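Okay, so chain A shows up in both of these, paired with chain B first and chain C after.
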Partner chain A sequence: MKTENQRAWFFVLPVLLLVAFNALVPIMTVVNYSVQETFGNNVFFWQGLDWFEQILRSDRFQAALGRQFLFTFLILIIEVPLGIIIALSMPRKGIWVPVCLVLMALPMLIPWNVVGAMWNIFTLPKIGLLGYLMNDVLGIAYDMTQNPFAAWVTIIVMDVWHWTSLVVLLSYAGLVSIPDAYFQAAKIDGASPWKVFRYIQLPKMKTVLTIAILLRFMDSFNIYTEPFVLTGGGPGNSTTLLSIDLVKIALGQFDLGPAAAMSLIYFAITLLVSWLFYTLMTKDDAK
Partner chain B sequence: MAKITLSNLRHSYMPNPKGPEDYALKKIDLSWDDGGAYALLGPSGCGKSTLLNIISGLLMPSEGKVLFDNNDVTQLPPDRRNIAQVFQFPVIYDTMTVRNNLAFPLRNRGMSETHIAARVAEIAAMLEVEEMLDTRAAHLSPDNKQKISMGRGLVRDDVNVVMFDEPLTVIDPHLKWKLRSKLKELHQRVRATMIYVTHDQTEALTFADQVIVMQDGEVVQIGTPVELFERPQHTFVGHFIGSPGMNVLRTEVREGSAFFQGHTVPLEGTISGNGGVTELGIRPEFVSLSDSGLPARIRNISDVGRHAVVEALVGDTPVKAIVEGELPEKGAAVHLDFRADQTRLYRDGWIATEAAS
Partner chain C sequence: MRKRSLIPILYIAFLMLPIYWLVAMSFKTTNEILSGFSLFPQTFTLENYRVIFTDPTWYWGYFNSIIYVSLNTVISVCVALPAAYAFSRYRFLGDKQLFFWLLTNRMAPAAVFALPFFQLYSSVGLAFSRYRFLGDKQLFFWLLTNRMAPAAVFALPFFQLYSSVGLFDTHLAVALAHCLFNIPLAVWILEGFMGGVPKELDETAYVDGYSFPRFFVTIFLPTIKAGVGVAAFFCFMFSWVELLLAKTLTAVEAKPIAATMTKTASSAGYELGLLAAAGTLTIIPGAIVIYFVRNYIAKGFALGRV
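Let's turn to the complex of A and B:
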């Protein structure tokens, strides 16, 4: 006989409360703002989907969204292959393994605003080591506070420096879990190094790489602190990514309605891309 | 295909081996005929996998040579030795279909597609995997994966030797038997030299024409399954092969006769050599309960189906006997009879009686 009771709910309740107060309630507040207009004094007017339409049509949002996709695309296309290459060239056993792992983990342990500040000082012309080297020693004009291209190069190099390790560590974990017999069998089968990578290492890394790409996509798509500290979105609006723009609208201009609508659109895009990617990558395994 | 000769082979995993205990393989001299089915049998850690990896080229021996048909291949990497090896755990290329898995070793060697198609079809027919040729290998069951691994080993028709490193470890017991007979059948069809490494005596004895028994990095005995069973050259072989293993009993030797617990025991032939630790070896199959003989007391009886294993104490030494038919009571006083032509003396582990001719 099967006995049923509802006691399990009590165990879930604390988590439910926690999630409600740190996620559901704030999000519902945002939803609330996104469909209303207010002039203060807690007086609200129903606005419908006007804010959403306004945001989606605005050039400013489209430009920020474009910059955001460009940024994420560039860092992924650099960090993923670079991370795999570094993971492949790391030793599989020996005393250098822990040394490599610690060195790899270091950048990820630094607080994000510190990363921004470090790179800011590092790259400033005259003051910073890199800025000085480029301008005064090598004679290449480099000033990320003035030149949009230099600013882009700097935020991308900074992100690569900060986060490639994540791809490296996850790929490495996937690589070391491959039994030696696979490599020995491949040797006996006469497989070239490229075929070993293509048919053994890459398939075995697929799951961890999916997670790595997903994490890097979400993190880079929502990136705020480091570029805010480094460039503040400038020069001009050249490095104003979505999150920076959002904060400008919400806290700079206090346009709560449009900012709320923009947040929800932003959230929906992140969710949609992550879901699409994950579904595509795990499609074959489902069978 | 080729005759394989191992000459003066030694291997140590340490950079500076000193005594013989530092060697995983201690001086191996062996030669294997073209087309034979061999088994390397021994407990875990006896050096059999090391030996296999040296033949396949995954490992360089510290000393000695590996010859294929009198060509020295000691320094050649695995892909240039033209050998095949099947591992303990099935190695398959997950993202490829079964067909591409089987074709992989041929494609890597630049064979023509018509030749590849013919070979793959032939091997698939032999292994009875034709209907799964177009499924992705990742979705197969473990025994089918191992079949595909074997298929990749057999697909090249010019290999010098096909080696199996405990290939049935991960296979369910009821499928083990099937795969094993499949292997035996394959050997008869392709006539390639095959070396089968295992610690399971049943696997070794059913697969091989010649079994090489190893212990502590040394070859203890080479022989047909019957030879290993009937006349073990070393007490280790007696112990290791047979279920239960051979009775090995401490024995005194005086004036050319063997005394076990104060009773003389007739042996198969004259005793050779002298000194050392002497032991009597007799298989439980050749110990019988009789009216006369060594007085003993039954300590334990375990019925294993077709027959029973009876353990009797002679003095303070347990002796096992295989008894069919009527069983004595536990604790009963009986007499044990050792069949003389199957009773041997071992000195320091090695056989020390001359064979009855």
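Let's turn to the complex of A and C:
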């Protein structure tokens, strides 16, 4: 049992200070910008909630938000089941376990812009392996700098390549924690593989799957570097996701007010959806 | 059983293909790359690597990255340790709210923070040069009030001026900025591992006359060393792969290798071989670290809470 001790605050203080320094100060700066207008020369005018209204009404923001939700939805619906399937078919013991784990974790440790550059090299027509295979061997016209559909497929496949391992490793950690007795009991009862999965493995993986889905949601919703390096948001605006658009407005055009308002809306959506996921997935535990 | 092992094999093959292509590309000459398709390097060359190892702007990129990543890992784990201990052992006013607030920081899009960070660390330099003799706390509150007020301090023309002093473009700036998402994660992981250590261990040690610091360092830390390893691994990983903040907070002195690459990609046209060689080299530190913690990875991803 935990004991009540207010002096524990002293242990938390360094963390509080460091994170507050990093979180509160910038977020206050953003709030500050979001309600003001400036023409440079240190002159600021009170703007109220105009920027928020302008952003929420703008077609550009709505389009980017739509693309962002589509992207995240596709990522979750592909990576989560795929990750579970791979985790289920991995060996539970033996020398191949560490080999699998190290190789699978490798993509996650590559700097994000290198991931983008790597896929760029991989998919170039004539030069890249994938580009060559598609165009010259299979005869399918494939060029992601021209074709929006090809660009979408490429960023989705790239993200599956990059992050499915996270779901695999988490699910696998959940699976190996199930005692053998459960499977022996299921065998005696003559349970089908589906029933074993549905009633033993899936419930045991629930905690880790919650973490996996939450992490995958947050990271895919906030994705910036990889698609930026790979497609730059193009062709046209077809792969301009929210972060890419935000950086364009903030650091490209230096429209600080709208960019700040957009940042806050963006952050609020991420928080809200994360909270929704979290409450939905842990609903049964509370009962 | 045989058929089942096909799935992981296919998956790993899929993972290795782009990596193979990158590595193969790094051993090719620019001529060969542009002249057409070849599965293996026809004229094997180490020229791309020679360029990187002899040009300071290239190899300093690696040192910069490794310096700030290590700094960040040490800071994150050191401050997260006592905090995780407090969360796992004690109840105190606002503990649940604080824990949740920490985790929300992991959810913020890095893009949201890029610009404010730039300004924050630029002006911290000014703060240090002016208020050298005040304590950290005063500095912090000075900053806080300054940032909250719609002050003229933000104005664009001053950015470059501030940028040239103090923390901007230092390794420390990047290391501190990455604390935003690494400290919450480290606290979360360590708290999970510490929760698995029975409280009786602490109590026995106190009865035996151990002071808290001595108990923490000589008994408690060795007990959760796997957790410390996993937390350090994750801090290393997320700091190593992040680029947006690292790039915004640096210019020349502390520029990460990944940023050097983007610059090369755009300025020198298509030096694909060089780019591939630099990319290949960025995979190596990750691969080394992952090899050391391979047995704890699965456990660490589950955050010790399975």
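Methods note: the second predicted complex is superposed on the first by the 274 of 287 C-alpha atoms of A that agree within 3 Å, B and C clash if a C-alpha of one lies under 4 Å from a C-alpha of the other, contacts with A are read in each partner's own complex, and residues count from 1 in each chain.
The rule is simple: contacts are C-beta pairs under 8 Å (C-beta built on N, C-alpha and C of every residue); 3 or more make two chains touch, one makes a residue touch a chain.
Computed from a predicted model, the values in this text were never measured in an experiment.
For the composite obtained by overlaying on chain A, chain B and chain C can both be accommodated side by side without a clash. When the two structures are aligned on the shared chain, A:Ile127 is found in touch with chain C, with no touch to chain B.
The angle formed at chain A by the C-alpha centres of chain B and chain C is 90 degrees to the nearest 10. Using the contact criterion defined above for the overlaid structures, shared-chain residue A:Lys195 touches chain B, although it does not reach chain C. In the superposition on chain A, contact of A:Thr279 is made with neither chain B nor chain C.
When both complexes are overlaid on chain A, the residue A:Tyr224 reaches chain C alone and has no touch with chain B.
Contacts of A:Ser58 after superposition on the shared chain: neither chain B nor chain C is touched. By the touch criterion defined above, A:Pro179 lies against chain B but remains apart from chain C after alignment on the C-alpha atoms of chain A.
Touch counts on chain A: comparing chain C and chain B, the chain ahead is C. In the superposition on chain A, contact is made by A:Pro203 with chain B only, not with chain C. Touch criterion met: A:Leu16 reaches chain C, while chain B stays clear of it. Superposition on the common chain A brings chain B within a closest Cα-Cα distance of 15 Å of chain C. No residue of chain A touches both chain B in one complex and chain C in the other. Those residues of chain A whose C-beta lies close enough to touch chain B in the complex are 179, 181-182, 184-185, 187-192, 195, 199-200, 203-204, 284, 287. By the touch criterion stated above, chain C contacts chain A in their complex at residues 4-8, 11-12, 14-19, 21-22, 25, 33-34, 36-37, 39, 75, 79-80, 82-83, 85-87, 89-93, 95, 98, 102, 104-117, 119-120, 136, 140, 143-144, 147-148, 150, 152, 154-157, 176-177, 179-180, 183-184, 187, 199, 237, 240-244, 257-258, 261-262, 265, 272, 275-276, 279, 282-283, 285-287, 289-291, 294-295, 297-299, 301-303, 305-306. Residue ranges of chain B in contact with chain A, taken from their complex: 56, 58, 77-79, 83-85, 87-89, 91, 93-96, 104-105, 108-109, 136, 139, 149, 152. Put simply, chain A touches chain C in their complex at residues 1-9, 11-12, 14-19, 21-30, 32-33, 36, 38, 40-42, 44, 85-86, 89-91, 98, 100-114, 117-119, 121-122, 126-129, 132, 136, 161, 164-166, 168-170, 172-174, 176-177, 207-208, 211, 218, 221-222, 224-225, 229, 242-243, 246-247, 250-251, 254, 256, 259, 263, 266-267, 270-271, 274.
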